[in-house]
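Shared chain: chain A. Partners: chain B in the first complex, chain C in the second.
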Partner chain A sequence: MSKYYLFQDVKKCIGCHSCEVACKTNKGLPVGPKVCEVITVGPRFVDTLPKAAYTFMPCYHCEDPWCVAACPTGAMQKRKKDGIVFVDHQLCVGCKTCMSACPWGAPQWNPAIGKVVKCDYCMDRVDRGLKPACVTLCTTHCLHFENAEAPRPIRRERYARAMAALD
Partner chain B sequence: MADTKQTQICPVKETRQRLFSMLEKGGLPVARFKRWGEEIIILLDDIINGRAGHGHMETIESLARRITDQGADNGCSQWGKEALDAISIHRELFESHIRTRNCPVTDCVTLTPAPCQMACPAGIDVPGYVTLVGLGRDDEAVEIIRRDNPFPWVCGLVCTNPCEFMCVRGRMDKPISIKYLKAFAAERAISQGRYQNPPKAPEKGQKICIIGAGPAGLTAAYYLALKGYGVTILESLPMAGGMMMVGIPRYRLPREVIDREVAMMEELGVEFRFSTRLGADVTIEGLRKERFNAFLLAIGAHTSYKMAVPREEDFPQVVDAIHFLRSVARGDRRAPGRRIAVVGGGNVAMDAARTSIRLGCEEVTVVYRRTHTEMPANRDEVEQAEEEGVRFLFLTAPVEVVGKDGKVTALKCIRTELSKPDESGRRRPVTVEGSEFLLDVDIVIPAIGQAVDTGCLDEISDLSWSRRKTITVKGATMESSVEGFFAAGDAVTGPATVVEAIGGGKRAAEAIDRYLSGIPQPELPPVPVRRTRLPVFEISASDKTNLARPDMPLLNRDRRRITFQQVELGFNESAAREEARRCLRCDICVRCGRCVDVCRNEMKIDALQLGYLSANGDQTTDLRITAERCILCGACAANCPTGAMRIEDRGDERILALCGTILNRMKVERCAVCGEFLGPARYHDFIRNNIIRIAQTSGDTPLCTRCARKRAAGKGSEAFPAGKNI
Partner chain C sequence: MEKVVYSLCFMCSVRCPIKVFVKDDEVRWIEGSPHVPGMEGSLCPRGAAGIALLKDHQRLQSPLIRTGPRGSGKWKKASWEEALDYVGDTLKKIIDEHGARSVVLGERTQLSTHVSQTFLKAIGSPNHFTHDALCKGSVNTACRSLFGYTDAQMGFDYKNTKHIVLYGRNFFEAIEVKGVNSLLDAMDNGAKVTYIDPRVTVTATKANRYWMIRPGTDLALNYGLIHVLLRERLYDKTFTDRWVSGMQELESFIEPYSPEWAEKETGIAAGEITSLAREISKDKPSVIFHFGYRGASLTNEIYLRRSILILNSLMGSIEAKGGLFFKKGPGEVGRKPARKLTEQKFPPIDAPRFDKVGTEAFPLPDPAHGVAQMLPDAILNDDPYPLKALIAYRFDPLMSIPESELTLRALEKLDLVVTIDINFSDIAWYSDVILPESIYLERTDCLQQANGLKPQLFLRRQAVTPRYNTMPGAVILKKLAERLGVGNYFPFSNSEELVQWQLEGTGFSLEDFDKKGFVAYTDKQIFWDRKDGIKLKTPSGKIELVSSLLQKAGFESFPAYEPIAKPSQGEFRLTVGRCAAHTHISTQNNLYLNELVPENSLWINNRAAEGLGIKDGSLVSVSSNNGSGMIKSYVTDLIHPEAVFMLHGFGHRAEMGARAFNKGLSDALIMKNISDKTGGSPALHDTFVKVKPV
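Our next item is the complex of A and B:
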């Protein structure tokens, strides 16, 4: 895994898809590819109420990524310094093998350039000390971009608050 | 791999890239101007891709001017200025891209013209008409040809076909029979009454006088008459056609063919004045009184060069080829003698020799001072002459005409050797001392080249002539040194081909039209125009490979030695249609070789054997072999800059085709959930092999990216079930 941790606080997410818009705008993508995507699961009945979950699906930046292994040209790479998995467009020839190999559907097809595009945690922004576009523009602040070694214990804190019942 | 070692930079494309990168870097910081800038980029892309129309330049300029004028306060005007400057410097080139849908420096790839079209002196849209012949649309094929050449039938029979020497199919096996398909289409269309003139523009009320009814003069007459000018042609002979009529023998070009195509010009109202010789029967002064607005000098090159050997002028039996062919063409079918020597190795020499055979001369010998390889005559011509019994004496030069009592008895010749190649690579013939011998003949026909008869133009004293005694013109416009006088054909080029004369005549017609309409003349030479963009035929790789160029059926040898019947009998219908299907469509595929490069060097699959894409042809071509290794990944298609290589899902198959030639087709697997096409089993095997060391994926249900993501998202949400308060 990369040394970063992109955490979605599912409880806060309202499925507004701002992250997708921010991502596509930042990468200048045409209709079609969704480098990150919020997928609505449900609605289904929980007790007597219909409930839906909004799952944020970026790339997981696997430890030993199948897309990198599948790529015959070396375009799909894992960055040494932080483990970000990215595609080098100079090398990508558009054979789509990474798309077929990935079990999560992370690499996407960009028909405008005939190459694959995928989540790279907005490497260029990260290198400038910024956060990925999706995180920066998230309206409910449900997306968090953190160092994997020191994540903020959001769920732990919330659980602790619920248990304390000081109210 | 690409044909051109170094692609030149096209200013149109360069302008687009520069403006785009300035835009990307924030060159237009105000949203409204940025929007206009993006609109300009879209319009420039239209020009680069051959989709632009007349309004494009106006719109681009007006947007750029608005950006320049209104954007001064916020740093936008620089971008607009750059755009306006580029357009004003390269306006001619921008407009030529729009008009011709052709990029002369072959940098705008989708506009790169086919080599055959670029090789044609008349710039005919070859892939266009060949495809139409393949589709059985002969009348449309003729219509396409006649936009650039009003003589499809004549050229279909006698053109020297420079196009076929450039034909890319020639690197695979043999070139497409581009020449004859023209004649086939024209013959069909005429016979079915579907060979028609395009509509004529309204009368302009201006008159043009053309001197000479040869291919150049007639071509100019045709295009000028179509534009609505009144055209009068003066011709010293009693019939139209010039060298086509009195130079080219009837066994190559029947008179009816010329007459039919000339009749199309008469139908447009072109006036012919036959048996009217400039300088003898009429003068320029007299013609000026008739109020002609412009003149075109297309007098040809009808004077033979002399051999410059002693006693050449002493005998009536020394007849130059031009006189000889002319008198035969005009009906004199008596044999000039029994034994003939034809001096020279060009097409005229072949014509004279083969004509002599037909007239009943017993022994016809061509004397040429170089070897078979250096002969400028067409290969087919030489071969057919040999078949008809013409003898050849190579490495031999005439030194003296020998005779007595006023009659030729022999031609004294000398042996020659070829020197070492000089700086230009040409090997000069050098005479071998003491090797003289006598060739017993009673007629000598020199055919060593022609010159322009300058005498008839003496009256135009300001006319400037080249060192070779041809009329000097500006190449792009055929304007001579005298205002209002244009020139074309052999009179400008020296003795050349019918198709070169046609090209010159067409250029002259366009320039005369501009001259009389007050439009400035271009500086750049004209570029061939893409007349049409037709879809490709679908054909299997083995059919594409196995179709062979048909041999031209010829009249039997004995009859060829006796009559002037047409020698080449033409293809039958199915042969012609099949021949058209061999075309590789170089108007679409620009032979950049990117597909092969991707497949071989990047995917490391090496399925494509397309050696013909490389100009030096050092690699083999086998279209059928693709299917052996191809996994249908589509990388070649994704990297094809022109859409020549396409991958398509149809039925339950994925099909890879290059310009319609099906290179590979395989059954595809589908997404287990939504049924989307995923790719053939071999493609998935390829991926599995790549990731096998880290993952065992076999047995997994095949899913498309969307369904894979959905399934993963669903699993994720189970881990944190909705409704639990954490």
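Our next item is the complex of A and C:
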């Protein structure tokens, strides 16, 4: 059962990549793997205004994860209690099948250990009652670690405020 | 053992409050302080890369003494005793022969700046300078000319603003975490952002209005705006009647500078200029025309910065909620600030400064900072007298002062070059002796007197023991002072003792910082009364549009506008700036930040590039009369055809910083070293370059 939902409030994202550095710092990663990544599309002019999309791409921790199904050794697993998809390095043989299976390229290659590394919502932190590294350090707090069943209606709240400001 | 240390980040100069988690003398995690609004865990990418700096094997690890020719990279490891004795003995010889004035110390302003100022005062040299002029000398002077306060004594109430106008102040890439979050909050509440820049930045993509202005013509735009505000009587008359002098002079000066006139110079339609003036005046006084962080583009820089401040004055946004305010010190609540070593009595110094600041030749720049870019000329021409020794304290003249070749020639003339730094900067690589400083996580620093709407004190505190054989800069300078017989001005043996000395009289103790990392003199925001209480420091007590400061020094307050030259065919105006991943010249070798942005590229307009046969991503040569180099192109419609742009801080030449070595191009190689002789900034956007495919 997938318990968590990581919401990116794109209106507040400034594409600074602090989340990526926070993630790599927490996992002690070498140059190369980007367990989460902000992909910038644009800027390009829409009428007179330049617009860009800064899209945050962690692992989405699918309810039915293809990477888990593809993993031949059982290293890629979905945690029963909260649905976090993680890789057990004891079992990973570095075959990269999960990298091929994931439609979003979430599993990454860690050349330092010859195994796959992926977003596990910082299980170490979550289990201590903390938020994932990326969410904690996000410069603008545009990342929100939410309960998937009851996320804060951030966009609705903003829309309602904007409408209320009209009168 | 686990502990939490509240401290201040130092991956850039903003000093964001941080919470450091330490276990068994290792830093496990750093996050923004939960106790400071606007931080609440947040850190920018540079702050997030602090542990990578701590663990970096490519930073300075031991005192080094040069064994080969300068810049050859041949070093011997030295003990602190040996390195300090060497510097002490050499300095002594130089001082005996040429006088103390032949010693210069340049640094990037920081919490221990009063210690290095004290070092020079104690030995009897007037030649302390900071990097400030390179960044914003003219902004400082402009603020003093109108208000009597420096830019550093003014702040912005982003959170409550209703409209902010940014002139290339790349707010969402040159990140100050608290400011970013305050402005985003304001935007969530409906605040408008107008962004003006020849180049599309992240900030442009977040703005409500973006103008790709012709590079260098912001002053013309502002004159057009002022023209509309005055003609249509859109300014805050109650405020200007009470606080502003020189309105009549402004009115007659601005008469010819209509929006139609401004359109021809800036490329921004007259109607657009008029509508901004009308729109923003509706939100007065809660508006901000941002005077910028870096204000160092053209030789008339001070007049651009003054025009921005005049716009604020007309909107009445001075000392207004959602506008600009003067920072309040502990004196406002009858308390005392942290002491500085410079408060001690020193022997008088007669010699003028090397940069002639404070003399008739250069009367207006702030002598507390000097004018860094005068250094090469002063050395090369022995003008006003011979300089023999340079101590570069986390300041790199080779990459920060325009015209590196000139700077290098000057450095070659010196008898002694010493660097105090944490990294193998280019100046460290070139030095005779390197004295390595502990990084911010390994040292306690002097107190931060954080004046503002609420005066506070912050403390950078040691979290772990130094990883290598390094020391805090303040202690290094004290040990050097001892060797020169002036150790008596440094009444401390370590950083904690120095902080305790600073705290005397403030009513606070070191332990008071344990809980949150800061203490507050008051919990209420202090705004002065806009009717009678604004304590302006100009001679008239008014905002002086016709400035007595300028007048006294023989400068006009309203010189006629001089049109900005257009580059000829195949030439471009070189512009520079920052990105979120890097701080000036100091982070390019950080493992994670280097991975994010490993090198710079040359932004060039797609139509201009097509005409020159330049393809996106290809190598191009960039050359001026002062220097040349090669860099990858970025061909785009996101930049004005008259400008090219590159990120500052790349093209490092120090081999030991292997990740950044030879990556990209240093703008200082190409730019010419010219200055705004009134305000003090260099003109960093006043070099025309030729760009050619390679």
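In the analysis below, the second predicted complex is superposed on the first by the 164 of 167 C-alpha atoms of A that agree within 3 Å, B and C clash if a C-alpha of one lies under 4 Å from a C-alpha of the other, contacts with A are read in each partner's own complex, and residues count from 1 in each chain.
Quick note on the criterion: a residue touches a chain if its C-beta (ideal position, glycine included) is under 8 Å from a C-beta of that chain, and two chains touch if they have at least 3 such contacts.
Computed from a predicted structure; not experimentally measured.
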By the touch definition at the top of the document, which applies to A:H89: first (chain B), second (chain C), both, or neither? neither
After lining up the shared chain so the two structures overlap, which partner does A:K3 touch, if you call chain B first and chain C second: first, second, both or neither? neither
Under the stated touch criterion, name the partner, chain B or chain C, that contacts more residues in chain A. B
Just to be sure I read the superposition right, which of the two partners does A:R158 touch: chain B = first, chain C = second, or both, or neither? both
Pick one for A:S18: touches chain B only (first), chain C only (second), both, or neither. second
Is A:T48 contacted by the first partner chain B, the second partner chain C, both or neither? second
So, does A:N26 touch the first partner chain B, the second partner chain C, both, or neither? second
Who does A:H141 touch here: chain B (first), chain C (second), both, or neither? second
Report, in rising order, the residues of chain A that make contact with chain B in one complex and with chain C in the other. 42, 49, 51-52, 158, 162
Which residues, counting only chain A, touch chain C once they are in their complex? 12, 14-18, 20-22, 24-26, 31, 42-43, 45, 48-52, 136-141, 158, 161-162, 165
Within the complex, which stretch of chain C touches chain A? 29, 31-32, 40-45, 47-49, 51-52, 172-173, 175, 177, 180-181, 184, 188-190, 200, 202, 204-207, 209-210, 580-581, 591-596, 637-638
Contacts from chain B onto chain A in the complex sit at residues 598, 602-605, 633-635, 638-639, 678-679, 683-684, 686-687, 690-691, 693-695, 697, 700, 703-710, 712-714, 716-717, 720-723, 725-726
Which residues of chain A touch chain B in the complex? 10-11, 37, 39, 41-42, 46-47, 49, 51-53, 55, 57, 64, 66, 69-73, 91, 93-97, 99-109, 114-115, 155, 158-159, 162
